[in-house]
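Shared between the two complexes below is subunit A, which pairs with subunit B and subunit C, respectively.
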Partner chain A sequence: MSEKTMKENPMRRKKSRFFGLNKQDIIKYYFGGNAAAAIIALVLICWFLLSQAFFFFPNYRNSLQLYRESGQEYVDFSDDRLQAQVKISSLMSQVSGYELRERIGVDADSYAIYVNFRGLLAKKVKFELKDYARAREKEGIMEFLGEEEQNQIRQSIEAAKQSLENAAKTAAAAIEFSDIEDKSLQYAPEKLEFFRQAAVEGVILGETPESVKAIQAAVDTKKQKLLGELPVFVKLAEAQDVIQAPQAAFRDFITQQRKYALETKARGVAFKSAAEEKASLDERAKSATSEEEKKRLAIKSVRYLTQEPDYAKLNAPLYESKAQQAALAVDLLVATEKSVSMLPDPSELTSVGAKKRLGDIKKGFEEVEEIFADKGNEASTWDHTKHYSMSEAVVGFFFGTKWVTNSSWQDFYGVVPLFLGSFGAALVAVILAVPFAVGGAIYVNRLSSPMEQQVIKPVIEFIQAIPSVVLAFFGVIVLGSFLFKYGQNPALAWIPGFPIEGKLTMLNAGVLLALMAVPTIFTLAEDALNNVPKSYQEASLALGATKLQTVLKVILPSCFSGVIAAVLLGFGRIVGETMVVLLVMGGRIAIPTSFTDPAHSMTGILAQEIGEVDKGSLHWGALFMVGLVLFTVSLSLNWLAQTILRRLAKHK
Partner chain B sequence: MKFKLVSSVAALSAVLLSSAVAQTKLVVKGSDTLGAKMVPQLAEVYKATGNNVNFEIAAEGSSTCFTNLLAGTADFGMSSRAHKDSEAADFTAAGKQLVQHVAGVDMIAVVVNEANGVKALTKDQVAGIFTGEISDWSEVGGNPGKIAVYTRNTSSGTYKTFQKLAMGGKDYGSQSQKMAGNEQIAQGVSGDIRGIGYVGLAYVGKAGTAAVSVGGVLPTAENAKSYPLSRNLYYYTDGQPTGEVKKFIEWSTTSPVAAKIVTKVGFIPAN
Partner chain C sequence: MIEIDDVSFSYDRGKTNTLKNISLDILEKQVTSFIGPSGCGKSTLLRCLNRMNDLVDTSCITNGEIRIMGHDIHGKDVDAIELRKQVGMVFQKYNPFPKSIYDNVAYGLRIQGIKKKDQLDQAVEKSLRGAALWDEVKDRLKDSALGLSGGQQQRLCIARTIAVQPRVILMDEPCSALDPIATAKVEELITELRQEFTIVIVTHSMQQASRVSDHTAFFYLGELIEYGPTDRVFQNPEQKRTEDYISGRFG
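Let's turn to the complex of A and B:
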């Protein structure tokens, strides 16, 4: 049927057309267009990330090349050795400190206990304290007033003080040692009354009472006596003297070298920026329209001094110092070895912490020897002209353990600490969330009554509605203190990472993230359970299996890959979460050693630093690279989950 | 009727004109340390004491003080650091002269938890703690425990100043925790017996924290000169100040009322 006849057909209703499309077509293309828009948006985002991050590696390579050319690399070879050696000497002072603490006994903590008691008490009597302070405000103007008014003021102060004292005494009687948040403090139980009394005095006086000062003084005397007389401390002090003796010379040497390197770097940076400016002027001159403009730009371009710094000449003092550097390093190592051999035997120590650190010194010394050999070798063969390869820069980003930005020395962009922070918190979250979410899904789907179903499902899904920043506040204020308080319980000390040392930790973030992962995993796992054909259950029950046997042995295995996909999607959901990890994880950019350490995350660093960087700078590129890594991780998690789900669908 | 309209228009324009003539506008640009509280409050009181001046204050960082003065887009600038040689050279090259006036003194206090027995540190110890060389309280005479270092984040000016004043320009240790502001640092330290951090003078004395003496000197107003971590705050002008600028700078650096305001916002008056 031709178009014409169609139109003329009186039986057909006339259709309005728009750009030659009828209503059905418009609706079809509208939905098609929406789908296409989603794909285009995804492609655009990928393109945007790639284009911003593209120049990062070449730029990073250039930056590291300058780090080498300017001699900073050479200085860091020396600095690394000094740092390694200082670590040993600092462990020695720790051995001494821990041992001293042990020998002094519980009195060492009395000041801290007193402050804690006073703080607890001040909170309980805060209204009385305020009244007392208000009454005392008038003391200042007393001299201007008459006799009678002065008396009145005195009386009101006295009354306020009396009521404060009474309130404090009653409140103090309720304070126990167990109220102290920091469980690492030691105390003698029989001293409870003493501390209560001291807290009352401290609150009223507003300063440390004499009784506490006396204990402090006694502790100090004991300390001095122990340090001067006990052979173990004398030995430690002698060892410390030996190890610290050559440090100053080496430190001065490095300080001197740093100056040279920084100056060379400043010149190198100035040259690079001038050269870039010149190149851009030349570029503009080429495309300039008028002759006059061309001339003007050319003159401007000539004005830029683009003489490349003579690195060989600038680095001459560093090359000349190679022998001195090696000699100083030998001194340092010899002193370290001698000092380690002077240390007391572990059997002379009583403190567990001191013994542990003594062992660390022995282990650490081997590492120091290695570092001295490696870095000494690198320093002696160091050559500022050696090319810094692109692959080194790439490896430096993906496997670098240092993320140092805004440095006055050299920026390093190594993603490992951030990656581990993100990954660690998400892992903690998933481990915590899976039993709850999957267990909940099984219960709701197979075991519960319809009534329970109607309550539990919406409640779990409701958790998703809590804004993440609200959860983060909860983590900072409530959960952090809670975990800190109970995480110091000695009964938990067998778990690696316990006792917890701070409030803002990966564990804290992980618990909150688990809360966010539960609804995702729960919903998807329940879907997977729903997809198991009814005949499976019927067959199993007909064979005489109990309900529980059916669920665990028949239903769950047949939808196992669906549950795995749910877990992966839950994981993907929380790896990208920002607010919680930014506020709750503690913001420490170092490789976490346990899951109770503070850490930083990829999402957190993006949120924190993107606002302060110049567009197009190296730091900017690094952040976009982090974004790209994050994007790749999420994308691959999603892809993996979907592949698993597809397989599951095929099997059916 | 017509007369009324004309007269009212005339009266209105007269009012507008007179106010435009009498009221001078001072454009102030530069540091946010000064521009956040101190200068706005000084300006407020200066106006209230009968000076018909309008202030336009933009606090976007100390560097903008010099760029704006050079471009002539500010009447005077504020800076929390002294000028660099290159900045002075720019002025000379443009045939101008950069003049410095001390506006006040700020101190960066090192704070620890109140329950920490350590109440004094040497400057080297402070540097060691923040660079990560010293990692345990037992190394500085305290009760054993791992030191938790709280610092400002990298965008902060105090972060840089502290690095320069206390750490000899070395980088912060990787174990330090970066906090958003003074308040967060104070909170972190007050909740952590092993914590240490630094805050502006205005935040000293927050419950649960105590300032330590650095090199034997406590960060108090009397010790402004001898405290190792104190820095001057400056006003800058292009050439010797004249007119209303001169009057304001003189008033804010010499009058006792201004000194009181400067003290109230947590700094130390210039003299």
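Let's turn to the complex of A and C:
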């Protein structure tokens, strides 16, 4: 080597370079770039959410301030009381309705069942019906025709009728009560033949047959008789008269005041938008380059009137009405109290539904008294000049119980009903999913044979592959009806929320979400179980423990935090789920009182409303705030689970 | 006490026998050690004695029977759970549960349905004293067992085993994960325990076998080569292979 240096340096850098980078560098930066992109995406999403939601609270405050200044708030104090009272009176009519239905019995639904039957039948024989109708079209021109042709037409009509009758009879024989979609109709099996007959007659005649009319008439007579004579109904009717008597006066009063408030609001809104427009013109004028342009903008700006409306003057009629309002409210409350005391005793009622509603009235009345006291107080001290603080707006969003949008009156953005809907359905889901998933994981991991493992694990993990919209379909079409049908069973009435009163409920969504949470919880819990050292099991068995004792007393406790983390991640997974809750939960925006109520969700409202809202509007900001709340909830659930898992790993 | 009578054992439904026609009698309240090179079947035989091999689905005894106190342990009237209460086991790697020291020792009694506090307290103290651990841990019974040193953890496992009052204690290389000082303590303990229990110990250490055991069995490739009083086996082995192994010529 010392004598002769090699001509070519074997250690020389290879030349193939691209922008000064060799192959290894490019691969390294590619992977690094991917990781960086993920982090940048997360930061951008956070920034996007925050920047869009940032102006929500000031804008919401302004909106609520105008709500106060325009007197709408004052009117709502009255309206809230009226609504609470109307709720009681509508409960009373429900008591009456349920009781009447119970007393009359199955016949009460005869007409509805007949209509359903005939509808089903008409669908089945639609071709024969069409033929018959076509044949009869010629009846109109018969008088212009000769004897022979008339006979021909008569024959063809007769033939069409005959074939319709035959087809209808065959089709009717196949119809059962269970084909009727409205399952709330009760039916008596012995009446099945009657309805088939009536449906056939109805289809051919094209009108309600006499037999059904007769039943209907009998039901009407019975109804009149019951309402007029039976003490329960008399009492109920009297109570209803008393409670409804003062409603009209109060309603008229509110309607009148609404007009004032809406006019004031219109002026307020006009002033605000004019002021905004003016401000932006002034801004542009300031930064304009040419003198001419400045002048032009200044002239334009002057055109906008910026006289603030005189709220004190506009609200004068409201202030003047305070005494009248208080007097009317007293009338209303006194009538309600009197009416409630006139109600029949629950023992006089026979219907379960009626009894339940009677109980609701008693409970509801206490609430009404509270609402009257609170709102009455607020109305009498109402002052339109009072400043609406920022904290009130923040509380109004996070703890507001009303989510009202696109209203001609006033929009409210309170997240509570949506939050409860999301959280409630997820909670139902977790409660249902945990026993299945954790139990399944224990079985597969510790108790099953290898053969069973090979079957069970892929099957459970396969559930994850079902698209959520397909699950939602299943929920709407199958599960909803199933839960509704069996939720009526009186044996279940002891569970709060039962009997179920609709198909689209939080329970229905919860069951489907549970199905979606099971694979997540199962897989993670099984991992956690797998991480328990085998030596624990050996030690326990060697001490004479059974397999079950070993699982429950040694293995499960030593991976408990892993299982908790699995449950939390499952929870996080379903809180963010959209399709199922949007389609299956019923979309009612109100605070759910039990887990069988319909509800709306945070994810659902975003999916439903974000597409049709003006960019930058208050509603837009509110939706972004909801998104932010959702994001925070999911993030903290994930963080919590990760922390638990990390601590677990450290512990090991 | 334990009669092993012409036993063959297979891990793969009888295709190949891991143990081949082994017969030996283990005497009551004596220490018997199983020695031999890795894979010779000594641990397998030990695990047959309390049917821990049942956990492997494909395993089975293909020939012969094992009698403990005169009863066939694979007999129809024998429950593996009850068997293991009579025949306890200490493992190679100390494996206390991630529970407190107290709960570890009380575990065996609790799963038998004993709930009375004073009864448990007594048994825990007695067992810990029996395992020569009481003085070291009596002030921290509620602390996690995983905080003890390796030797202490292994003695805790022994305490846990003797708490259920077995007749026989099986030890599968109980000192292989311990340092020399801890090993010495455990060996001392084994000599103490032989007064009350029949002990079978599997070990890789010839010195240990000669120190603690009364009888020694030498296994090679699934066969029992030689069995006899420890002194004789070590000083006057009858078989050439035993001598080669003991003197370290292979293994």
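As a convention for this text, the second predicted complex is superposed on the first by the 481 of 652 C-alpha atoms of A that agree within 3 Å, B and C clash if a C-alpha of one lies under 4 Å from a C-alpha of the other, contacts with A are read in each partner's own complex, and residues count from 1 in each chain.
We adopt the following convention: contacts are C-beta pairs under 8 Å (C-beta built on N, C-alpha and C of every residue); 3 or more make two chains touch, one makes a residue touch a chain.
None of these values were measured; they are calculated from a predicted model.
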item: Contacts of A:111 with subunit B and subunit C, given as first, second, both or neither; value: first
item: Greater residue coverage of subunit A in the superposed arrangement, subunit B or subunit C; value: B
item: Touched partner set for A:406, first subunit B, second subunit C, both or neither; value: first
item: Touched partner set for A:353, first subunit B, second subunit C, both or neither; value: first
item: Subunit B versus subunit C as contact partner of A:539, first or second or both or neither; value: second
item: A:93 touches, of subunit B and subunit C: first, second, both or neither?; value: first
item: First, second, both or neither for A:586, with subunit B first and subunit C second; value: first
item: Touched partner set for A:436, first subunit B, second subunit C, both or neither; value: neither
item: Contacting residues of subunit A [partner subunit C, same complex]; value: 449-450, 533, 535-536, 538-546, 549, 553-554, 557-558
item: Residues of subunit A that touch subunit B when the two form their complex; value: 83, 86, 90, 93-94, 96-98, 100-101, 108-109, 111-112, 115-116, 119, 182, 184-185, 216, 255, 353, 402, 404-409, 417, 481, 501-504, 586-590, 598, 608-609, 611-612
item: Subunit C residues within the subunit A interface of the complex; value: 50, 52, 55, 57, 81-82, 84-85, 88-89, 91, 93, 95-99, 107-108, 110-112, 157, 160-161, 164
item: Residues of subunit B defined as touching subunit A within the complex; value: 114-117, 133-139, 141-146, 148, 153-155, 159, 163, 168-171, 174-179, 188, 191-194, 207-208
